[in-house]
Amino acid sequence: MAGTSKPAVYKYSRGAQPGTAARTGDWRFLTPNWIYRPSPCRIACPLGSEIPAWLEAVKRERFDEAWRILRRSNPFPAISGAVCFHPCTENCNRGQLDESIAIPELERAVGEWRQKHYRPPAGPPVTRGRVAVIGSGPAGLSCAYYLNRAGIGVTVFERAPVCGGLLALGIPQYRLPRALLSRELEMLKDDGIIFETGVAAGGELPLDRLNEEYDLLFLAVGAQKERPLNIPGAEAAGVISAYEFLRRVNLGETVRLVEPVIVVGGGNAAVDAARVALLQEGITRVSLVYRRTRKEMPATADEVDAAEKEGVQLYFNLSPQALRLEEERPAEILFEQTETAEGKIKVLPAPPRSFACGTLIYALGQQPDWEALGRLSRELTLFAGGDLVSGPSTVPAAIQAGRLAAAGIMERLKRRPGTGEAQFLEGKPVVGFEELNLAALPSAHLTRRLSDPVAEAGRCIGCGTCSSCGLCALYCPDLAVQWRRERYDVNLDYCKGCGLCARECPARALVMKGGWEDAC
Amino acid sequence: MITPEEAQNGGLLYAGHPACPGCGAALSVRYLTRALGEKTAFVITASCWSIIAGLPPLTSLKCPILHCTFPSAAAVGSGVKRGLVRKGDRETNVLVLSGDGGTFDIGLQALSGAAQRNEDIIFVCYDNEAYMNTGGQTSSATPYGTRTATAPFPLYQDRPKKDMIRIMAAHGIPYAATATVAFVDDMHRKFAAAREIRGFRFFHLLSPCPPGWGAEPDETIHLSRLAVESCLFPLYEVRDGEHYTLTYRPAQKKPLEEYLKLQRRFHSLEKEQLEAMQRQLDLNWQKLLQLIN
Amino acid sequence: MLEMTEFRFHGRGGQGIVLAAAVFAEAIFREGLYARAFSLFGAERRGAPVTAFVRAGQERLMPRCRVYRPDYVMVIDPTMTGTAIPAGLKEGGVLLVNDRESEEETPFLSSLPPGGSYRIYRVDASAIAWKHHLTIGSFPAVNAIMVGALARVSGLASLESVRAAVEKRITARLEDNLQAAAEGYRQVKEVTAVGRNFQARSL
Amino acid sequence: MPVEMITGNRAAALAVQQAGVDLVSAYPITPQTAIVEDIADFWARGELGGEFVSVESEYAALSYCCGASAAGARTFTATSSHGLAFMHEMTHWIAGARLPVVMAVVNRALGAPWCLDPDQGDSLSQRDTGWIQLYCASAQEIFDTILQAFPLSESLLLPCMVVLDGFYLSHTYEAVELPEPEQVKRFVEPPRFAAQVDPLQPANMHGLASGEEVSRLVRERHRDLQRVPAVLKEINERFAAIFGRRYAPAEGKALEGAETVVVTAGSIYETVVSALPGLDKTGMIRIKVFRPFPAEELRSLLKKSEARRIIVIDRNCSPGAGGILAQELKSALYNDGSGPLVQNLLLAGGIDLSPQMLRQLVMEAPADCSGDLIMEQWGVDLR
């Protein structure tokens, strides 16, 4: 408009300043806190592995991060993924919804990623402190790994010509491809751990030398001695312990078997032996005979099923009585018939059963070779672990023993353990299936996908652990839950404490706490 | 899996808005603006959102907001749309935001008029089932069996809630749909669809109000989910006033009582009232299924 | 100088009396005078009595109120009888009615109160309308005819101005309306009272 | 310039057509209906220039204008009587929102009982809403005033009612000079006020504010409304340069030596003027701008006379108080140099009267208020 009177400069009831200027966080009575409660998988794991945490990393394709979490409790995921009997999976809450998460496969995937991406450490080799590890089984290797990581020089002595102990000599190749193992050993060597093979402590390795050159000794020689089969004829040729049989096969020797092969025992060693026997040239008739019922077998059910599927004949409630020889070789074996009541074996007053027998393999359980140990001086400061201490157990238990031994040794050497050691969660209640808020679970519709570790990890509910599903952020009416520094975090400037994030968290990883506590 | 960016995407909503803790109405706007995008203008009638929108000089939305009187929302929104078009802006979606009072009651005349003219706007009713901004008085969206400030004990709302979607569908508008906060994807999909349609679009959003319903503030999503799972608030859409599509079918119909017992507004109802409510729900659900089939 | 002249029109809803006032005002306006036409009516109902007003003069500014003392009263429908019709008509004023030509006293004429000192003019507009098939619904459409007659009687508008006003305001059946208006202009006659008998006298 | 015999309603419709509106939204009511019908007719023929929307109520009509005006569009509506009463909530809102909506109000009595006659109570009872109110006295003035109302309204960001009596103006055929297109082009400019709904500058308009904030806004609105005479004068200068006609907020006739002065507004004006030659020592004043009330203009007009008696003609009554114009006039003349000072404390917005505010008010001598009829003080300024 032309003219002199200018339009007025009006002030409206106008709001153009972002609402974020109002700090509505001071309305809050309750504050969300991320708590870490143990998941059933973690509690079941002999290693206490932080499974939801590293699965979360896998889900986000952060294999390096998954490895960094995993190695706090388990430096050999490639191996444990292959050989562990996965109690984690059996206890997985997701199993009650549809199918449990394929944790061992994912663990192995992380291990294989690590093998592929491993780079030797730069800088001078570790020399500080010196520890001798006797025995290169999983316990010894685990101990050596953690000590080396803490900057303590380690030498591993192995009596056998190859490293790995049980891993190399006990476990069949179909369960643990040897390439996986040798790659792990290579990496340990590249890390700066020294290995000496073919040296037995007290034999090729004089005790004086140990005494002089090493501050501490970790004894992890395992349980290598098979319990004897005390029946007539057991001392004949053609009778072999499962340990010996597997060791020789694994060392590449040819073990001549005569059909039919009878395996006596119910543990994993017996099943391994039976399956390996079936793999030998010309062998088609292998029977496994156990003195209790199938249910009572210590061997993993999957393994037993696999053995049966491959053609191993299974017999139960039969206890070996006598081996009849012909020309000093086994010809027939007789078994007493038994029944088990309340865990006890009762021999039935029935005629013994007879089996033709060309080779008898017995696997009655292993025990430490105490005679070999007797030669070690008590003057040496000595730690011991693994099957040597616990009796025959699992690979993860041995890894855990090695880790704990390393922790003890570090304490003795007044070294702080490496950061990022696994936290154990005793005292906090396990997150049960009923507690989970599955109604909102974003991954509820996903089915198992073994071919794609990232997708499979995406199915993990993350019981008790933030699995970054995003629901807390999605359902926050105040936009206070935000993704910051690779995790969800609460902006207390805006959180009014409604609790929707905690209420809707599928994993129960969030709780509301009273007062003015900061969110963790 | 949703990415962290998607999970925390606030749409056009700013943090710091003055809604009650656990507000379903704030969540509704958060989700729907994610689907509509920045080219949106809000017209807000007297309702909780008169406050949630921010007290000037603040604003709670990253888009224009025009507040208007209680009965006028649909007409003001229509005017804004035509005004913008007249000024050469054909893109901006005009969204009229109204509570249940401004939709079912005092705003119905303007709403019906705008729908009948097929004005090119999106009318969103966030339904918290009473006049919650003023302390919870009965509206014609208040369901049977509810105790309110104007129907206190021993009274209760003894008439059923208006079937708003069917009233709107009867206008023959291009699009009408229900949605609720627990089903974020469903809501997103519907608003994204509505964005592509020209003409009058109507949304009925069940928007739980923890203080008004006598529920805990962390129950908002749970209540919203239960309302759908019990078939009390079915998720569906109606195109051109006649093509009904169910967008979510509960795997197993949950008993209504599970939903009712979480809310103090339904407390101390007699057994036969609860049964009557369940019967009415079953009947409504059957009627809806017939429309769909 | 012309004194301000005031007109009052009586008719029924639907007969176009408001239009008649507008056409008449338009015709006067075309003579270089100022004129105004307006009406008062209730809700629009067919058949209900309607009153319209016209003022004419040389001043642009003139009162804005009803006409209470008309110089002319025009009755478009002879069935409208009653005291309201000539009420307030100035002494020496003119009453123009659409009525049939008759030697006898028509019902309209006999309804007029005695003692009025005004002149009466008559035109049988209905007959002219029927002749030209001019109807509004079932009524004869006489507004143009009556405007023609009133122009003649008042002397305020020529036939040319009436024709121009009709042309501007009445769009339907224009030719017939123009002819009819001219007939009304020509056929309007004064009625003189002889005893109880009324006689028409040509202008 | 062509002169046409048209009604007041038609003049209004033609002015809207000439004024370059973007949007007209309306609902019919006697005696306003013809305005809406004519505008609809222009629109149907593509001669309106803007849009026409026929809505479901008067309330919606004004709401529609509210929305479109907020988007920066030039808007118009028209109503009468009950329609205006129904709009009442929106008339307040639009003034508060500072939206320059122009509305023609054709006066008609409010029921009960039903009545169609032109009582001005419908528009006068909207006097406290914050709208500019302009009362017209002829069809020509209706046309001219609507044309002027848009720039007036838009430059002050205040809505404007153009008021005309029912029937005596709305339905009267009379001669109106209609402008040539070239003249219109010189006078009418496109709307230039800022849109409140602007996607490029998003803002939260008219949300909840405090009483203090509202008090400041009301004060601003009040002061801006008082600028109408100045702005209108300027518009009239421009208008007169093109069309040769001008209008004052208040207009006097025959005031020299008049001992009686008649005051009125609207179509009665011409009736009174026509009667003046027959009245001894009588002059008259007509109020064109009723809001803001032209107190100063009235006082200076009255000073030209020797008035002993003022007769205010009010086609309305506020029951319990009397004619509204009379009340307004009395309050405008009171304290004209002789009576006591009137001090006015304004607590608009509902703000609190603090003891301190009261003490300050009572104890402190008022500042020099010469020239002010009523000394205003705003509570929000007292601390």
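So that you can tell them apart, the chains are marked A, B, C and D in the order they are listed, and the count of residues begins at 1 in each.
Here is the rule we use: a residue touches a chain if its C-beta (ideal position, glycine included) is under 8 Å from a C-beta of that chain, and two chains touch if they have at least 3 such contacts.
Keep in mind that what you see is a predicted model, and the values were worked out from it rather than measured.
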Selected interface, A-B versus A-D, where C-beta contact pairs are more numerous:
A-B
Report the inter-centroid distance (CA atoms only) between chain A and chain D in whole Å.
87
Here the gap between chain A and chain B, centre to centre from mean Cα coordinates and rounded to Å, is 52
Where the centres are mean C-alpha positions, what is the separation of chain B from chain C, in Å?
64
Give, as an integer number of Å, the spacing between the C-alpha centres of chain D and chain C.
39
Going by the contact rule already set, what residues in chain A reach two or more other chains?
13-16
Can you list the chain C residues in contact with two or more other chains?
none
Multi-chain contact residues (two or more partners), chain B:
53-56, 58-62, 65
What topology does the chain contact graph adopt: line, ring, star, complete, or other?
other
Would you mind writing out the residues of chain B in touch with chain A in their complex?
1-8, 10, 13-24, 26-27, 30, 53-62, 65, 181-182, 184, 210, 216-222, 225
For the complex, which residues does chain B have touching chain D?
38-41, 43, 50-51, 53-56, 58-72, 74-84, 86-87, 89, 92, 109-110, 112-114, 116-117
Of all residues in chain C, those that touch chain D in their complex:
18, 21-22, 25-26, 29, 34-43, 60-65
Show which residues of chain D lie in contact with chain A when the two form their complex.
96-98, 151, 154-157, 189, 192-193, 196, 201-207, 209, 213-214, 216-217, 220, 224, 227, 230-231, 234-235, 237-238
Quick one: in the complex, what on chain A touches chain B?
13-24, 27-28, 59, 439-440, 442-443, 458, 468-483, 488, 491, 493-494, 496-500, 502-504, 512
